[in-house]
Structures are given as C-alpha cells and as structure tokens.
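In what follows, subunit A forms one complex with subunit B and a second complex with subunit C.
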Partner chain A sequence: MILDATVITQTLAAATPVLLVATGAVFGERVGVINIGLEGLMVFGALTAVVVSVATGSPFLALLAAAGAGVLGAAVFAAFAIWLKRDQVIVGTTINFLAFGLTGVWYRAYLNGFGAGKTATELPDLIGQGAGGVDALTLLAFALVPAAHYLLFRTRLGLTIRATGEVPEAASAAGTQVNRLRALVTLFVGGLCGLGGAALSIGIANSFTEGITGGRGFVALAVVVFGRWNPVGAMGAALLFAAADVLQFTLQARNVWAGLPYPVFLAVPYVLTLVALAVRGAKGKSPAALGTAFEQG
Partner chain B sequence: MIGVTAVVLAARNITRRFGTFTALDAVNFAVGEGEIVALLGENGAGKSTLMNVLSGSLAPSDGTILMDDKPVRFASPLDAASRGIGMVHQHFLLVPTLSVAENLLLTASRRAGGALSYNIKGVLKDAQILAGRLGWTIPWQTLTGDLPVGTQQRVEILQALRGQTRVLIFDEPTAVLSPTETPELFATIRRLSDEGRGIVFISHKLDEVLALSHRVVVLRRGKVVFTGETRNLDERILAEAMVGADSDAAVLLQAPPGVTTTAAPESAVAKKALHVEAVTVRVRGASKAGETKSGAGTAPLLPTALDAVTFAVEPGEIFGIAGVDGNGQEELAAVLSGLMRPASGTVQIGGVAPPVNAAAFRRAGVAVIPADRQARGLAMPLTLAENVALGVYDSPEYRVGAVLKWRKLRERADALVKRFDIRGGGVNTSVLALSGGNQQKVVIARALSGSPRVIIAVNPTRGLDVGAIAYVHNALRQARDNGAAVVLISTELSEIQSLSTRRVAVLFAGKIAGIVAPDASRETFGLLMGGKRLKETTAVA
Partner chain C sequence: MPKPVRDALLLLLCLAVGVGLIAALVAGAGASPVAVAAALAKGAFGSRYNFGETLIQATPLVLTGLAVAVSFQCRLFNIGAEGQLLLGAMAAVAVGTSESVPPNAKLVLCLLAGAGAGAAWAGIAALLRVYRGVQEVLSTLLLNFVAVQLLAYAVRAPLQEARHELIQSDKIAIPARLVLLQPATLDLPATRLHAGVFLALLAALFVWVFLRYTVGGFALRTVGAGAGAAELAGIPVRQTIVKTFLLSGALAGLAGAVQVCGVTYFLGDRYSPGYGYTAIAVALLAGNKPGWIIVSALFFGALTAGSAGVQTAGVSQVLIQVMQAVVLLAVLAAGYLREKSPTNTGEAVAP
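After this line comes the complex of A and B, so read on.
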C-alpha cells in the first residue's frame, strides 16, 4: 500500500517550498514583475537558514534570517529591474548565477569554519512526528493561500496590484505609485523565496547541499502559470508537483521498477510539470504589463 | 454664457515649454458653471497640453490656474480630481480584464475605504445612482474589455464624475465612437452641463463643435487665436481661425519661379507610376472593439482606418495628401510602403501589383521617407555607412556570398554624403551624433539614391529647422523633375500647397474628402479637413 498517511504529510511537506514561492510569485506577476531569480533567492534562503540554525540553535531565528536573505536578494533585483528599469529576465538570470556562486563560496567557507561537523537544528514538527509530521512552515504555506486569495480579490490593495500588472497607466492615474508598489511586492516575494529555501534546508533535508533547490524556483514559475495567476490554482499545481515528487521517491525507495536508472524517477515531477503546462498553460493569459518597465509620467 | 455664470476654472497667461519648444504661449482660458466650451485646433496646436495642465498632469512653466478666482496648484491628476476636475481620456484609462465595478473601485477616492477594505457595493451604489440619472444601463459585472467602445466611454465618464466634479474635460471623445454613439454622448454632455458642471470639449470636428458648445476657443501654435460665442459662428469662420494664414511659412515655402510648371518628361510611360485602387484598411483589433458582447442586432460597425481610397499619381507629379493627423495617413503610408496588407483594394506600381512586403515594393521602385525618421527611418546607433547600406547590401555589387564589400559600401556612402551635403560627420559616424536635419538627409539620400519611380514622403520636414526644410523641399522637387511620382503626405498645409504639382487630396476619417488644386482657398481646405465633403470641390481629375 503506497497511499498511507505519511504519503499525505510527505506530499504537503514537498509542496511547501514550491507553494511558498509560487504564492509570492502570483503577487509578483500580478503586479507586473517577472522574476526569474526566484531559484537563486531560494538557494540564498536555504543556506542562510542552515548557517543561522547552527549558529543560534534556533530554527525560528533561522526562518527569520532566511526571509531576510530573500528580501535582500530581491532588493538587488528591484534596484536593477524596477529602479534602473533593466530587462527583468536578464536581471533575474543574473540574480540566479550570483546566488549560486555566492552560496557555493559561502558554504565551503562555512564547512571549513564554524560549521565543521555540525548539523542544523531542524524545524520541529507541530503536528505528528517524523515522516507523519507537519512543521510550522507547511502550516504557514497552506494558511497563506486563502489569505493571499482574499488579499488579491477582496481588498482594494489586491485590486490595485492586479490593475498595476495589467494597465499600470490606469493604476497610476488612480493614484498608485506604480514602481514603489512593484518594488514592495518584489521584496515580499523575496521573503517568501527565502522561506521556501529554508523549507528545503531545515524543513525537509536538514542540511544544505549545492543544487538543493533542484529547479523548484523555476517550477514555481510554471506553477503560477498552471494555476492561472491565482493562489488557489497555484496550490493545486504545487500539490500535483509534490505528489509526483513523493511518488518517484516512494517508487525508488520500494524498489519498484528497480531496473530503471534513478534519473528517470527524478525526472518524473519535471516531466509532469511540462505536460501540465502544455495541456493547460496555453489557455491562460498573463498580466498584460508583465515584465515591462513603467515610466512615471 | 460666460459672464452670466460664475467662472469655475480658469487659466491665466499659462505658458508651457518643452526644452526650447513653446507648446503654450500665455494662454488664457476659462470655463463657467454649466458652460460647454469647445477647444478647437489642429493637431499639435496645444490642446492636449493645455488640458494636461488644467487637469494636473503637467505643471505650467509660467502662469496661474484659478479655481473660483483663487490660485491653485495641482500636484497630480488625483489632486486635481479631488478638487473637482475630471478628465475623460481619448485613450481610456480602464483595465480591460477587470469588471466595470472593479474599475470604479480602483479609481474611487480614499474615502471609499482603505487598502484592506473592499467597498465595492458602496462605490457601485453611487455609480448606479449617477448612471440612473443619465439614463444608462451598464452591465456592472462584465469585464470592461468586452464592452462596446461607447459603453467603455460611459464607464470612463462615471470614473471621472466621482464626488463633486465641477469641470469635466473630454479629450476628443468622439474620435473612438461610432456615428450612432456620438449623439448619445452629446445628450450626456448636455445633461451634465444642465446639472451645472463646466464642460471642456476638445475636438477638431467643426460640426460637432457648432452643435454642442456654447463658446469656442481656437488654439493655433500654442496661442489662443480666436474666441467666440457659438451662436454667432459658422463653419467658415471656424475653419479660417483653425487653419489660419501663416505668412512666414508661406513665404518660406514658395517654390522657385518656373519650377512648378515643369511638366512630366514626355518619355515617361503613359501608364500611371502609382495606382491605388479602393484601398480599405480596418482598424487593428476593430472586430473586437466593434462587436457588442450580446452579438445581437445590427451588424457590428467596424471602424475603418482607410475607406476605399482611390487615386493615381503620374511620373513627374507631386501628389499632396493633406488632412489632420490621425485620419488614415499612417495606414496609407504603411500600405504604400508595402508594410501593411489592406483588407481590400490594390496598389500598383507601373501597372504591376508587387507582393505585399517592403522589399518587394522597394524592388518595384518605391522609396520611402517615413514619418518617424528615428524609429522607422534609421538604425540610430549604427554608422552613416551602415544606414545607407540598408536596402542595397543584398545587391551582388556589394557582396560576395554573405560577406559584404564594406570598402565599396563606404565609397558609395561617401559619395552620398557629398551629393546630399550631409554634415556633422563622416561615413563612420553614428547617426545618433548627427543633427535632426542631417539625419533626415541620410534618410533622403538612401531613398533617392536608387532613382526611385515612386517616392512616399510622410511629414518629411517635421521637427526640422528652416534651412533643412528648404533642402528637403528642393530634394523632392528634383526627384519629381527626374520623373519620379511623389506622394507627399503631410499635416503641414503650407508645405502641401507649395509642393504639390496640381492636385491635393484631403483625407478625413479614412476617406478622401475631396481632391482640389493646391491653390484652393484655405477655407476650402479647412472645411475638407474638418470633415465637410464639399459638393462642388474644384475637382481635378
């Protein structure tokens, strides 16, 4: 029997990093900003969480620091992409390589320094234990979904965010400081990316490795499209990805189709993401002003 | 009207400069309670600048804005709106993917609630009361982008009418409307004026101005040149005031004696160099904007950018196309350059219709001097040699396989620099470094170097100084003398009149309103440009 309670909790845990980032990215894209650098911000948050957790022994301080690291990285993105109006895709790509490089150097320095031989304090489970446990970040990620939906569709702030991503001139005429709003949302998304990274490093793996994010920042971008720029839709898509991830892991662990090379299993969630995008992605319509700079008149 | 009612909003000696260009020059303007003031003027006369100043989008360089005789300064359009100045934009500031109700909430004042509130019911209730008073039925929950243009405009009006709006500015509101929607808009404007609101109505359509307004203010080149009560006015007076006699330009643009009489070379083929037959172009996205969501009833009114435009130009003729900007010039130029496929109709060069692409048109002998030389005419960062190489580099003379013979191309460029007197740099200079006049010389050098059969020149002297203008005009005359058929599309009437050989077509709303001789009176031109089809135009075949 593959389907037991631990499969469900494992799926929730596996969905957490993608969901946190995707919820943020829904807001980012709705306000008109496409940030390809989500992956890099996640890596940044993942390592920061481990280092702070080891240094302080407090996983909650580690979460705070990870969010801070994400905000910091997003500030760099905002400075170039929004303030200086550079191409968002290029700035985002640069942020990724910057994050991969910096965390690589930092991680080696940490391993040879005070981090030698130590393990991070893991995020404790609030409900259940071990494989059946659910930690604070998972609760936060899923609690954020209805809150995000409410904010986006049932408040003036959300309405302004949606209008800004569609016709920034109209939002501006209505009194919105378009670039300031975009920058603030970008920082918020950065914070969620940092938490998403922490969910991997001190939530699931309890350690940092290079390449820990495994493209989940990019998957989050696909999840946003698949979820039609809607937090609830994004949650569904994130769960689908996570279920595939847990499935491939379970299949490997139980030696089902053991003859297949393991990368085939690893590829399952990503192939599924591609298929999902192919089936559903074309129908969605992205915010009209996505990725464009706004000149305040 | 003025004098009877209290002046609500006034501009006193407003000047607005952009760099060295003076868009508004000590303009005085006022609108009273319940008064409908029409602001009339050609494109570029300063109408929009004045309204942007009065609605808080632009700060004046000099002068004062008064409300109720007290000086005010608008920090932003929102600030002006909160003080009762509303603006209905020509290009609606609506979010098409939001419902009508959401659009209204987006622009509702802060009093409707804070960032985390969602008082859509309250905002909707206010709007419904207003709409009821105006006799409108509006589908509040429909996405704005799915509504017909006339209804979208009503939403825009409802947005502008928030709170205590005392002055409402309409920026060319009929430009986007179908003929049946216009009377409904006028009824609305009259009702708003009856409620005591001041109305500013911007237009260049004389019949609309006469039908609707109480008073008319005419702007020309940034100055108020005429003010009058509408009941004392007619189309002739307004047309003259709008077009005016610009003596300076007229003298400057006088053709050298004898040149205008140059006949087409006898050797030229009797065939027309350019023959345009019933060319019709639909407005892009028109099928979407013209359809009503219900889809019921009459066939949707498709706005046409060009409507069955027919004319022919002979070798050795400069054929003028006059008209107020935005009446189909852009589309006509695109069709004549092979950049746009008309919905119907044909363009023939020397009796043959080339395939619709710019390269085929060029090979057929069409040279283009585009309206926007920096965007369409030149690759700005590239060098002069590279820019004039465009269009000829594929000739075997200048390449070996895929490799360009740069030495030959540079020699050619150097010859063009000398022949066309391009100053300010050599063949290796980036055209960015050249002055506007010399940039235009580069465009002209490239267009004329191949001895084209047909030349399409669109506003070829826009933004140039006096010397450069004379140069461009002479270049066009020379090309004509060499047997080219020149189509001169220009919004500068004096330019059209001095250059055109014997015929000028006036475009209005995508149609040729009339073809007249270049020396027809300015009054005739004014009427044609204002949309009056003259029954007895001095038709020249």
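After this line comes the complex of A and C, so read on.
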C-alpha cells in the first residue's frame, strides 16, 4: 500500500518549503517583481537556520534568524532591481550566485569551526512525531494560504498590490509609492524564502548540505504560474509537486521498478513541473507589469 | 572624455569597489587578501602549464558565453546553457564511443552531435515559449535539473563503460579527440591545451559576423529591441525566437562536446563545474558582445584555473562563485551609473 498516513504527512512536509516560497512569490509577482533569486534566498535561510540552531539550541530562534537572512538577501535584490532599476531576471540570477558562493564559504568555515561534528536541533513536531509528525512551519505554511488569499483579494492593501503589478502608473497616480511598496513586498518575500530554506534544513532534515534546495525555489516560481498567481492555486500546485517528490522517493525505497537507475526517479518532479507549465502555460495571464521597472514621475 | 573611455572607467571603478569587498570578506574569513590574490595569479599565469589551464577553462566559457549572449541580445533569458552543455557532452560521448562511426569522421560528428543535442534541448524551451507561453527563464532552469539527472542516468545505463562497474562512460576513441597543442618536448613538459581553443575563437568570429552582417542577426537584434516593433516591421518574431534558441543551444552543446573531445574524453556523474552558469557572468561582463566575450571568458577562466591554488591560501574554492556574483553586481551598478550620466543618449541596451 503506497498511500498511508505517513505518506500524507510526508507530502505536507515536502510541500512546506515550496509553499512558503510560492505564497511569498505570489505577492512578489502580483506587485510586479519577478525574483529568480528566491532559490538563493532559500539557501541563505537553510544555512542560517542550522548555524543558529547549533549555536543556541533553539530551533525557533533559528527560524527567526533564517527569516532575517532571507530579508537581508532580498534587500540586495531590492537595491539593484528596484532602486537601481536593473533587469530583475539578471539581478535574481546574481543573487543566486552570491548565495551559493557565500553559503559555500560560510559552510566550510562553520564545519571547520564550532560546527564540527555537531547536529542541529530539529524543529519539534507539534502533531504526531517521527515520520508522521507535522511541525510548526508546516502549520504556518498552510495557515498562511487563506490569510494570503484574504489579504490579496479582500483588503485595500491587496488591491493596491495587485494594481501596482498591473498598471503601476495608475497605482502611482492614486497615491501609491510604487517602488517603496515593491521593495517592502520583496523584503517580506525574502523572509518567507528564509523560512522555506529552514523548512528544508531544520524541518525535513537536521543538517545543511550544499545544493540542499535542489531547485525548489525555481519550482516555487513555476508553482505560482501554475496556480495562476493565486495563493490557493499555488497551494494545490505545491502539493502536487510534493506528492510527486514523495512518490518517487517511496517508489525507490520500496524497490518498485527496481531495474531503473535512481536518477530517473529524481527527474520526475522537474519533468512533472515542466509538463504542468506546458499544460497550463498559455492560459495563465501574468500581471501586466511583471518584471518591468517603474520610474516614479 | 569620450563616452567609451568613460564607460570603461566607470566599470573599472565599480569592479574596484567589488574587489575591495571581496578582500574584506577574505580578511574577515581570517586569510590574507594579498596571499589569496597571489595564489590566484600564480594558479592562472604562474607557469606555462598553468596558463594552459587558464585557456582550457576559458574555451568552454567562450562558447557558453556566446550562447547566453546570443539569447540575451534577443531578450530571451536562456539560463539553461548548463543543461544544453550536458546534453552536448552526452551526444559527443555517444558518437565518440560508437563502433559504427568511421574513424576519420568521428571528431566532426562528435562536435556536430554535441551542437545538435544542445540545440534540441534548447528547442524544448523554445517550443514551450512559442506555443505554450511558458517563460523561458523557468523552463530552461528546470531543464537544467532534468539534464543533470539524464546524465546521471546515462552513465549508469546506456553510456556506462563496457564492464558496467564504474559510474562513468568509456573513453571516446582516439580519432575523436581534439589535437593537443603542446605535447611534451625535450625542454618543456606537456600542457593539456587542445585545439578546441581555436574552435571557440572561430565561434566568436562566426557569432560576430552573424549578428552584425546577416539578415538573421538583424532580425534577432530587432526582436531583442522590441518584439512589437519587430512584428510591425514584418519580422517573423516566433521564428526568430526559435532560431535564436537553437543557435544558443548549439553553442552551449558544442561547449560540452569540446570538453569531451578536448579535455575529459569520458563522462562522469558530475560532469560540469558550472560553465553554463558562469556563462551568464561572462556574457554580461562583456556586454553580450562576441569580441569582448573572449576577454571576459579569459578573465573567468583565469579565476577558475587560479582557484586551484586558492585552497593553499586558506580560502575555499567557492570564493570564486562569490567573485562571479560581485563582478555581476559591479557590472549592474556601472550600467546604472552609465544611464544616469548626463551625456547618456538614452539608447536601449540589451540586458
């Protein structure tokens, strides 16, 4: 039997990092900012969480620090993409290089320093335990979805955000400080990416490895498109991705189709994401001003 | 001051600030910036062999840098040169180890197969973009991850070495290999420098001529300057997008084939040290101009080759990635200052 309670909680846990980042990215893209660097911000958060968890023994302080690291990285993005109005895709790519490089330097220093031979304190499960447990970040990620939906579609701030991503000129004429709003949303998204990284490093595992994010930041961006820039839709897509991830892992572990080398299974989530984009791609309509700089008149 | 000179000075100024930041980081990590710089320089230029290594690193960077530049000039974000390179390497190994290919055609067919495979992999992103409206940024990034797994699969099954023990391919046949340029002589030891370096220079020349003097190149740049206007001018935009992707992928695939035929001769599980990603930095530092890409690739090639010596100075090799990022940030900042400067003509520039 492949579907049991453990598979369900594992799917929720696997969806958590992608969902946190995708929920943030929905806001980011709705306000007109496309950030390819979300992957890098996750890596920042993942390592920060481990280091702080080892240093303090408190996984909750670690979460706070991870969110802070994400905000800090996002500030670099905001400075170049929004303040200096450089191309968002290129700045995002640069953020990824910066994150992979800096975390690489930092992680090696940490392994040779006070982190030698220590393991991080894992985020405790609030419901159940072990493989069937659900931790605080998973609860937060799923609780954020209805809140985000309400904020985006039922409040004045949500309307302003959406207007800024569609017709920034009009939002500006109505009194919105377009670039300030975009920068603030970008920082908020960065915080969620930091948490998303922590969900991988002290939520699912209790360690950091290079390449820990495995493209989940990019998958989150695809999840936003597939979910039509809508938090509930993004949740559905994130669950789908997570289910594929858990399924491929379960199939491997249970030696189903044992003749196939394991890379075939590892490719499944990415291929599925591509197929999903291809199926829904043309129908979705991105925010009109996505990725464009705004010159405050 | 003439504009090009001032622009160059601005870029150098921003790069200097970046170098200062990196020096501070190195010092903060407890190493000596001077020692690290010396180790880098020695690793890149310290001997005939080391300089050969620099050229070897620069060769695939010229090709992947051109791949990225071609797509950026058309305002297409092909971030997938890494995956396209891996596909090119796989195709080259498949042809190079095949018994049924005549020996004297092997090298040419290896290189062609590499370019073809890279183009085909990029073609997936092109079709997704043109027919399904999928942003190429996402599709090319995701295809990179698929390519990594495809390679991992290939060296475990269809391309695995004949004894099926190691996770790698067989070596390609000797006629499929690129000539070594500096074999050992009585006085001098051999370097690993191979004829692929000329191939890279030829490719740069080809791309330069193509972009500047052909109808296809003109269409590519016009679509890059604005798809709407290009459409009105009667340029087939979709066709141009697909062709640009194919050219870009072919260049990246060729880089993979050149690595196989010139340097490694076989495939292992983790094949590329990220030439396809560094390519983005190479292209942007060069302003997407083919001539400057040679210079820019040499710079990053020297960094990569030199980084082999950095370990000894107490800082890890990943510092190179930080340097790439800082160089990119410097290029971006210089671009901003250039636009802000009073004599700016306001002409549109490719990303």
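Descriptive notes on the structure:
One rule holds for everything that comes next: the second predicted complex is superposed on the first by the 297 of 297 C-alpha atoms of A that agree within 3 Å, B and C clash if a C-alpha of one lies under 4 Å from a C-alpha of the other, contacts with A are read in each partner's own complex, and residues count from 1 in each chain.
Note that a contact is a pair of C-beta atoms (placed from the backbone, for glycine too) under 8 Å apart; a residue touches a chain by one contact, two chains touch by 3 or more.
These numbers were taken from a predicted model, which means no experiment stands behind them.
In the superposition on chain A, A:T160 makes contact with subunit B only, not with subunit C. Contacts of A:A171 after superposition on the shared chain: subunit B is touched, whereas subunit C is not. Once the two complexes are laid over each other on the shared chain, residue contacts for A:A67 go to neither subunit B nor subunit C. With both complexes superposed, C is the one of subunit B and subunit C in contact with more subunit A residues.
When the two structures are aligned on the shared chain, A:L277 is found in touch with subunit C, with no touch to subunit B. Look at A:A288: by the touch rule set out above, it reaches subunit B but stays clear of subunit C. Contacts of A:L12 after superposition: neither subunit B nor subunit C is touched.
Across the complex, subunit C meets subunit A through its residues 25, 29, 77, 79, 128, 131-135, 137-139, 141-146, 149-150, 152-153, 156-157, 277, 280-281, 284, 315-316, 318-326, 328-329, 332-333, 335-336, 351.
Residues 34, 36, 76, 80, 84-87, 89-91, 93-95, 97-98, 100-102, 104-105, 108-109, 214-215, 218-219, 221-222, 225, 261, 263-264, 266-267, 270-271, 273-274, 277-279, 281-282, 284, 286 of subunit A are the ones touching subunit C in the complex. Listing the residues of subunit A that touch subunit B in their complex gives 151, 154-157, 159-160, 162-163, 166-167, 169-171, 173-175, 285, 288, 297.
Chain contact summary for the complex, subunit B toward subunit A: residues 57, 76-78, 93-98, 102-103, 105-107, 112-119.
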